[in-house]
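Below is one structure. I have some questions about it.
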């Protein structure tokens, strides 16, 4: 890249940063204050934790699409690995200590995931955090040589990956008789959200793990 | 019970569902499912348009909370037009894709799931009335598009996909920063809530946000000089993918630019900014057309034609900004008509090009001889699509040109008239470059095999639609007027 | 009170510069993440600039993070395959359309 | 009901067969021929009905709104029918001729498909009820003709097609600008007797003059007004039936006819006169007439010579339009028909010489009159007509043009007419002399079709030129008859000048 261009870009970025700073220092009073709304509707939301309430109820639609994005990324990776040279060679044998450790930790991590999922209703936590822990377990097992890379997912695995989104969609549609998408009946809000989160935990865990495991088999 | 059959949410849920199911079915499966589902989506879009014509624009408060706490979906005339375009283009393309991947299977494994998510993203984007939710739909759209570019594998497509991904991520990054600034200023991301709050004397943060969001969207729309990523991406992907991307994906971000410009940011728009957009459009028209003329690969020619045609879309801004309302209406109608015309015609053109490539076994304009004799219907479709792109009557492209020309003349902006005329002639130059070659007899050593009928007829259907819309375009304009503050 | 958003502004600018200037794809991808984090900081930070904790931007940022992860993963996979195909982790400098088609 | 649909049907009667023919296999010759003839006859029948109606002061109008404030209007009035009947009848002959001409040639489905589209466009041009509709079919005509011009696929043909497109698309662009500009000034400009622009505020006069210039330039390309005529001589590489189409039935006529519409029914002859637009146009036409004839003198290639003769002859129509007064109008309009009949005869004959004996150059024509007497007879009739020998068609035209010139007080036009007639004689008579009186110089260049009994060439090649040659005689002899082109032109002139004649 030409030097003058680099300098120009650097200058522009600095200018942007300064402009942003200046803009932030000159902000008016907020016209809309959502925290109050959130607090006011928290009881009706079916969960006690405001962030979870926003994530899965008030703005649950964002989350629905977010889950789709996650699965979509994995589809993209699978699309690539259809053309990746060299396929699943078994994981390279790892140190026995690592293997034993992984064998011990994996079940524990599943347990932690379950806890995070449950606690999400009233404290920081929830499906994504839980899924991340599950995924970590998957990666750990792979590193320990206990899990093969996923060249192409089998029917069962595909089912697991899609489950979260399908459950979420089903619940979303179930809201239509109330008038809108994702409109939980107040009485059923918390069980429905728990159902969705459970499905998401599994699928997000598998998806995140998949994002690593799908390309793990490509040739070096 | 009527709520359960409300077309608006189903337009988003349905493609998500069938995309996921197609993934469940396994590599390469799900074509029939997709075609059936898209046909259903088309009916839903028509039903929604009918509802709008009956009762005007409508809001769907997801979760029942309503803005600003919840997310609103909003369907007005503009959204309905784009929804109709999307489903109407997707249906023939799905039929085309089934035949195409049967003939050349490279990259068929995940085409259907990715397409399902792509259509879901488009529909969700058109219906969203929430700046942050639009960000999510943008990312869904971008990743689906990148995935589709890469499905064929190989050096050129993967490079193109990488370039495309970085460009689209940068674009949505800028957009997201804009959203953050807006929320930080007003405390909401709902268009309905924000529109009355944004005024001419808005703080610096909002001006910055406007610039950042529009710039990000222009990058995703591939307006000159942000077009660098488009030709390799659209020219390198399998034909059905190229068609989807050129016809629909760039229109989505254009739609956002238009909506934000006309509604949320209207108080901040200036003639200077509008002129700048118009000038970039002119540059795009000239640069894209000239490069299209110099291409030797058919798909690259069509891809550069997209770069040029995107330019036409942006001519509407100088014609619609701070001019008498009548003129502005005509300009907006022209711009949207151009988007629709190009959507149909470019889909037809890429489909026809795909058939020619399958038939000749190579992507080379120099070896199209004999296509005219062996694939008359395909060449005819390519020609009809070309007529629309040239803006010759009777075609939707002409209606668009007519509306824009009228706006230009009535606001006394002669420069744009000249541009549109010259652009039309340049388009003719590169379209006839292809037609002339295809009319020639087959060269020695070349081969032109027959292609499945579905390939030829799906392309023809799209091309015919782009012509007929030129004769029966009035209803579209009535629909478009719904919910627009005249 | 504006510490976070101001930091965010700086991060965004740094990320932007990196994304544009760094030739190596891994650097570009990291730069994109820095850029994203900057935007997230601004979103959360400005949201609670008057001292009241606002859960809405926090939820938005959680969504944004997941999206960013998804994008990063796809980007890494693409870069990885590009490495397999071309032996280098950078986009060819020459004009993209000048590349020979390999199909 | 049927009244509104008749014009649309007249357009469809060639559009539908054309579209079907596109997708017929090469081998389906009989079906293709049947479709062609059915279409042509159906069109003639429809036109016959409308002729009768219009004669009794009836007008057939078809209107369809394309966009708010933009209507597609097909209107069968006297002027439209003058042109439509000409092209419909000549289309029938040309189709017959083409069937014989292209026997065994490749890509015939494509050829006849575009052939029908061409005529569809011409009928649309003729019956267009406003400028937009006219523009629509004018452009369709360009697109439909291109594949015919390049039909042979040779480099020469491709280059000719290139030039043809460059000229006509540019002309179309000009026409579009003029049309949009006029619409933005005056709203929808429907074609009405006496024009409609006179009502506009006087402040717009300057704009209207510029628009007139743009419109005429756009139309002048197809009408081959010098210096916009460059494409026409090049386009003669096309097969003979296509030349007939270009020179007699469709393309140049569309341009000339457009000028007629713009002068009489958009601006109105009086208003055009008051804007001082007629004289410049008259001068342009006169220059074209002389220039075309001069160039024709020096062409050895027969079709090229005929092409330049067309450049000259078509401007007679334009000239007649610019002569302020009914007689000039009559002269111009009647020549629209007469030139068509005479020129198509000449091109048919040129095609026969080429197809039968491989004769392309005038210098190869020595003694051809003995080998092909009937063709040469037809050619001679056409040629004499062009020169203006009484009582042939051309004479009638020139007679009325002369009277019109005097009526309009432009006597210098007589000089132009006289000069061009002399030039016509100068480039036609030598051909006839060679053909009839010089002895044949040994073998013909490339004899394709041998003499078979009385048939000097294929019947389908011989009958059309004989028919049209006979027509040149008939329309001249019986010019006074009730339904002759002349009396029809008089009918139109009366209606155009209704506002003006007390």
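A few points about this structure:
In order of appearance the chains are A, B, C and D, and numbering begins at 1 in each one.
Criterion: a residue touches a chain if its C-beta (ideal position, glycine included) is under 8 Å from a C-beta of that chain, and two chains touch if they have at least 3 such contacts.
These numbers were taken from a predicted model, which means no experiment stands behind them.
Closest chain to the protein centre (all Cα atoms averaged), using per-chain Cα means: B. Of all chain pairs, the one linked by the largest number of contacting C-beta pairs is A-B. Look at where the CA atoms of subunit B average out and do the same for subunit D: the two points lie 43 Å apart. Distance between chain centres (mean CA atoms), subunit A to subunit D: 72 Å. Each chain gets a centre from the mean of its Cα atoms; for subunit B and subunit C, those two points are 26 Å apart. Our note on geometry: subunit C versus subunit D, Cα centroid distance of 66 Å, whole angstroms. Counting only residues that touch two or more partner chains, subunit A has 20, 24, 27, 30, 33-34, 38, 58-59, 62, 66, 69, 72-73, 76, 80, 83. Among the residues of subunit D, none is in touch with two or more other chains.
Multi-chain contact residues of subunit B, defined as those touching 2 or more other chains: 132, 136, 139, 143, 146-147, 150, 152-154, 158, 177, 181, 184-185, 187. If you check each pair of chains against the touch rule, the ones that pass are A-B, A-C, B-C, B-D. For subunit B in complex with subunit D, the touching residues are 372-373, 376-377, 380, 383, 387, 392-394, 399, 402-403, 405-406, 409-410, 417, 421, 424-425, 428, 432, 436, 439-441, 470-474, 477. By the touch rule above, subunit C contacts subunit B in their complex via residues 5, 8, 12, 15-16, 19, 25, 28, 32, 35-36, 38-40, 42-43, 45-47, 49, 54, 57, 60, 63-64, 67, 70-71, 74-75, 78-79, 81-82, 85-86, 91-92, 95-97, 99-103. By the touch criterion given at the top, residues 1, 6, 9-10, 13-14, 16-17, 20-21, 24-25, 27, 29-30, 33-35, 38, 50-51, 53-55, 58-59, 62-63, 66, 69-70, 72-74, 76-77, 80-81, 83-85, 128, 208, 211, 214-215, 218-219 of subunit A touch subunit C in their complex. Those residues of subunit C that touch subunit A in the shared complex are 2, 5-6, 9-10, 12-14, 16-17, 20-21, 23, 42, 46, 49-50, 52-56, 58-60, 62-63, 66-67, 69-71, 73-74, 76-78, 80-81, 84, 93. Listed in rising order, the residues of subunit B touching subunit A in the complex are 1, 3-4, 6, 9, 12-13, 16-17, 20-21, 23-24, 26-27, 60-65, 68-71, 73, 107, 109-110, 113-114, 117, 120, 124, 132-133, 136-137, 139-140, 143-144, 146-147, 150-154, 158, 177, 181, 184-188, 193, 197, 203-205, 207-208.
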